[in-house]
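Presented sequentially are two complexes of chain A, the first with chain B as partner and the second with chain C.
And then the complex of A and B:
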């Protein structure tokens, strides 16, 4: 039980670290693939990453990850050491990315508390073949040796157990040299025991017998021992001193290395004894300072975190903080707008209240900014999508990213990643033509997709622009007719309306279903995802020139600027971003058509009127247009005039969802949620997009 | 050690609540609801109406920052609506993590009814007793014991039928 307790933070650290490294590596590979060769920096970096992952996953007993990482490391070792010229970089990238995917899946399993039981044998086998071929091509060694390394790898990889590293060789070899090595790590490197284990693992294929001090690297206390006394290794090998020295000096964070050759005749028994003595010594240290050891470890992880001056916080905690700040905004309004204070002249109170208001609004801004995350990560992921798609479809597409530093609320980012990927897939699959077709049309061979993000008021616009064939209007129309999706008379439909038909459920113009798209479920799932965060999507296209898809996404969901209005006894809140203007209507401007639809002329344009009290059956005395007020709202190029009793005022409101029980009972169209006003009463937040559908059906 | 104690005391809490019912009245009848579901009893508060809801869902209230829906139990049981007065109470209950307020004519007391004194309702009429779990005998009085779960779940079935 105590072991589990100890392992938990380590496991978390392992997952976090590995994921970061893997992502970093993915970026590197994709960046390098563009140049169709790997520069030495990248090779070194990937080698180092694989090395770390191998060590740490072996340490955490995830053998499948560590063996896979090991074979990837082998490949990059050859690349680094021998610098072969004519390697098939695209095959290499495929293999490595496949490996990365495998590790990602396994880590996801571990995170979910499942057993990481995936089998990478096939992948390791292909890596081994690749390894052997590049070796054979570039490394003039006898066939025998290749076979030897191949078999030794083939044997050692699957058999490798937690601490026992199998050294099955096809022929008996004499291990002529014995060495003693002592390694000191840099003080702040952290997880010394893990790194030491990595060293042992590295030597695995080179040495025969080995002993190390401290013996038990699994225990956290050993980290401290290594930190203080260094990590001592005794081993027998047939390699020369130089070779061993070179291998050992590759260790990351190595501060000092002492390597001495021990006399061959000296029996290992001596070492056994020496080890015992030393072990006794070291055993005392953890016993007396086991408590300190733990705190030290924690301190270490903190200090290493503060070095980057970034800490990772769970989103749940941020949500909680956000909720609290929301409550505080309401509480502040309750105090400063307290009805008991009406009519009193309180200079000092006013002063203090102003101060409070300033601080709460600053606090709110800060909390909001904490939740803001740049889109970089989401955008970068698309590189991989584009790459995989191009490979599969034999197309040539370049992805350009603009404005990836634009920040969006964390919750929203999670919702847009999948839709974005889907849209990009669609663009490559349906939009961009084959290179030969493009040349015939006089376009550059490679297609370009521009992924752009920018701020626009309270929204973020994400624009996906491709220079492919564009939408085929006739095809869309015939498809829509066939599926009965047309709701507007055909001769009245605008181009834009035609293009936006593709977002309707059950619409797909691609004749053949490909691996990536064409099932007709994609687009409406995209739309649903985007709408879930209060966003909208529009499409525009120029035939032969390309397509532009625009996602409009709100910056944040939690707190919005709202205009409070009154209808009878009820209060409603309209998001300020949707409001165009508000005015007191003149009865002469009102038009009523034979179906009793009311409309109003404003500056020569005619807009429909929605009476909130009639729509929601609220009793109110204000039914004459001259007594109330009209609020003109706009959403997705549609405009509507809402008729209400009066405006109460503008305020920042905290969006709360309606109780689950109410939502279960009925989904009320036109209501987005509710919020608490300063006096403790509840106001219902209007969903403008929902009101338009209400208007149409009603 | 301490864990065991905590478990014990939790059991005790369960025990002390067992067999206790909060009784309230609607017109002439007395109803009882298991006390473990009851969070609190509050006086009537300003209610925010939600449009397009069934008649018996009166709206939502703000209970210290939490938004809680209100159900008028009279209307739920298809009894005539009675104007709210200063005796009208809201019994806030929490059923399977869903908080809901029940508007009742008045709350009377908490009583213990042992299992032996609870009889199952007669199965004569098919419609009337679907919310009643049993009938508790207390002295000469009779209390109708509510099946709180059904108050919520039956509603969903009804809705499906409406559609």
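And then the complex of A and C:
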């Protein structure tokens, strides 16, 4: 996030709210497109969203967004009011989605501090044509007329009674004074015609007969006329000049007022043709509003709801809070496990320390829960991906979402959205067959992709399952051979290992690069993204039946339960969730194979041993198995025995990423990050999945 | 200090208006996100002036204006409209809105409008 982004809360709010609305709208469109028609609720909602975005972006001076939103609003206005039949909803969806994409791109530019200079003229033109087409179906009258009749209906207000009065004078005696008033409005007030209308409306009962120039206040052009030439009103009244002057002077935005008394009836008599003057019975409307009066119950419930119960907080602030809580967890450990306290009998201190520990952990849980966001948004976005892919590739795919309410840390969500999209594109592009091929294979014409999320301990599993053709084992093998990616002897490789070859850098099974997937980056980028948040991905496939991809991602990044261990003078931390057991090995259980690989026999099973001191070149006195300890860890159905000097103890640790210069200059593998321990020493957090690859290759 | 109630379904607009009035001698007593809430907040808080968006979910600004005017004929409501809403603005005037302001507007215009409506 740039500094600018930080300093401009309004901009931030604009981006946040607009994105939220846009996404909501996208969902609505995709949901409605399935039924090939838009229901009235959706139309209303989309209209309102476009209206809001139009207003907000205009306020922020993002005129290109505002103009585009305006033309979409116009289209939905007609849909809402005229309810035209036989609209081409697929074309409409395309146009609106294109508009959504444009706005998204512009907002992304704004977010990055770039100029939002995109030009949507072509799209606006298409929208205008669409607008004209649907309008032509129902109406032949002018724009403004539609708008006016429509708005009055749209608000479900009682259709205002309008009547025209002729210049026939009633009670001529009591309305003896005739005036001519010319009003000028301030330049920037906008909608001058309606300001003028307001003036007439305010005079209300004071005046009897009147007419004005320009005559037609409903026409938009009249606003310009009034702006330039003022608004001139002739009227008869029984009030004095002073009284009228006072009333008219109260007009808001009034710049100049000229009021003169004219000779009786003079201007009126000049008018030979009948003046149509629009009178509105303003008195009736407030009274009629009791019609839609809300019940007392409702009022009460709303008045209690009126207090804001949700506030939005910037993620940067949450990150900072999380950091602080992390520091506090460390500080707490530093105090309560302070080396100075060793050997002292401190009953009261212990009690207070326990209390501190309890509160710290509650605080931590609360902050964590604040950061948790359901996957719904990310999952819903995939609907769009599927739709676009199907349209382009002429495939028919249904996306099923399961467990979208599963919550994940906000930071993690940001990292998995793109990989998920990429994987789904891959599934549709390479996995799901063309409808005709599917029929030949006796499958339903439409393919199904199931996107499922579920909790599994400290992780969340995201599973993408398709019922396509499955991976082609032979093809993967030949490709892997060609690229020299095979590390396991070919006769020993398992199916699962073959499938997981596709995640290796530089692997892509499709020879022809298509528009959507396989732009040369492919799977390894997905893997990198997932690994960046401490996750892992595995693949399984049944030829002809489909493919299952499983993403395993941690619930949260920041704080983990860890077991601290000691090797020489170094400290390491193993995530508790990965530990199966720890034990002191017996020398008799150790087996060494001809390649000098050490293994240990536990309950009849053989597991590889990894000596941490060798792996990280640490000097230690404990090199004999019998003197140290074995910690058995498991990840993705693989088990490894880590050999260390001793266990220090279990503790919650705050994960800090490794300093960039270490990450870049040395190719450190098997480390997820580092942390500070209670005594102030630094501990390296082991990345268990990373250790397995280390074990294999090294 | 005069009291103001902001009614708008877009948080962006609510905050915009609030920010624009930051250094003004006016107290923002509440923010409502739709007409229904606006009406009940008006009754509870009795603000001196209301800025009222027109297009909102649950209950539109026009309906809310009517209910507020029925409850308090002296209510001072400024409609916040945008281009293309002429028809509704007209209805709002008929229903007793003091005046209206057209989006996008600048800070000064908002100040001027509010002080004029309040008769300061």
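Here are some notes:
Just so we're on the same page, the second predicted complex is superposed on the first by the 485 of 698 C-alpha atoms of A that agree within 3 Å, B and C clash if a C-alpha of one lies under 4 Å from a C-alpha of the other, contacts with A are read in each partner's own complex, and residues count from 1 in each chain.
To be clear about the criterion, a residue touches a chain if its C-beta (ideal position, glycine included) is under 8 Å from a C-beta of that chain, and two chains touch if they have at least 3 such contacts.
For clarity, every value in this text was computed on a predicted model and none was experimentally measured.
Of the two partner chains placed by the overlay, neither chain B nor chain C lies in contact with A:93. Shared-chain residue A:61: touches chain C; no touch with chain B.
Once the two complexes are laid over each other on the shared chain, residue contacts for A:656 go to chain B alone; chain C is not touched. The partner of chain A that touches more of its residues, comparing chain B with chain C, is C. Looking at the shared chain after the overlay, A:237 reaches neither chain B nor chain C.
Applying the stated contact rule after C-alpha superposition, one finds that A:51 touches chain C and leaves chain B untouched. Of the two partner chains placed by superposition, only chain B is touched by A:674; chain C is not. Of the two partner chains placed by the overlay, only chain C lies in contact with A:17; chain B stays clear of it. In the superposed model, A:71 lies in contact with neither chain B nor chain C. The residues of chain A shared by its contacts with chain B and with chain C come to none at all. Within the complex, the chain A residues that touch chain B are 327, 330, 569-571, 615-618, 656, 658-662, 664-666, 668, 671, 674, 676, 680-684. Of all residues in chain C, those touching chain A in their complex are 9-13, 15-16, 19, 30-32, 36-37, 39-41, 43-44, 55-57, 60, 62-63, 66-67, 69-70, 73, 81-91, 93-96, 98-106, 109, 112-113, 116-117. Chain contact summary for the complex, chain B toward chain A: residues 46, 48-54, 57, 60-62, 65, 67-69, 98-100, 152, 155-156, 159. Within the complex, the chain A residues that touch chain C are 9-10, 13-14, 17-18, 45, 47-48, 51-52, 54-56, 58-59, 61, 66, 70, 73-74, 144, 147-148, 150-152, 154-157, 160, 188-191, 193-195, 197-198, 201, 218, 220, 252-253, 280, 282, 285-290, 292-294, 298-300, 302-303, 305-306, 308, 312.
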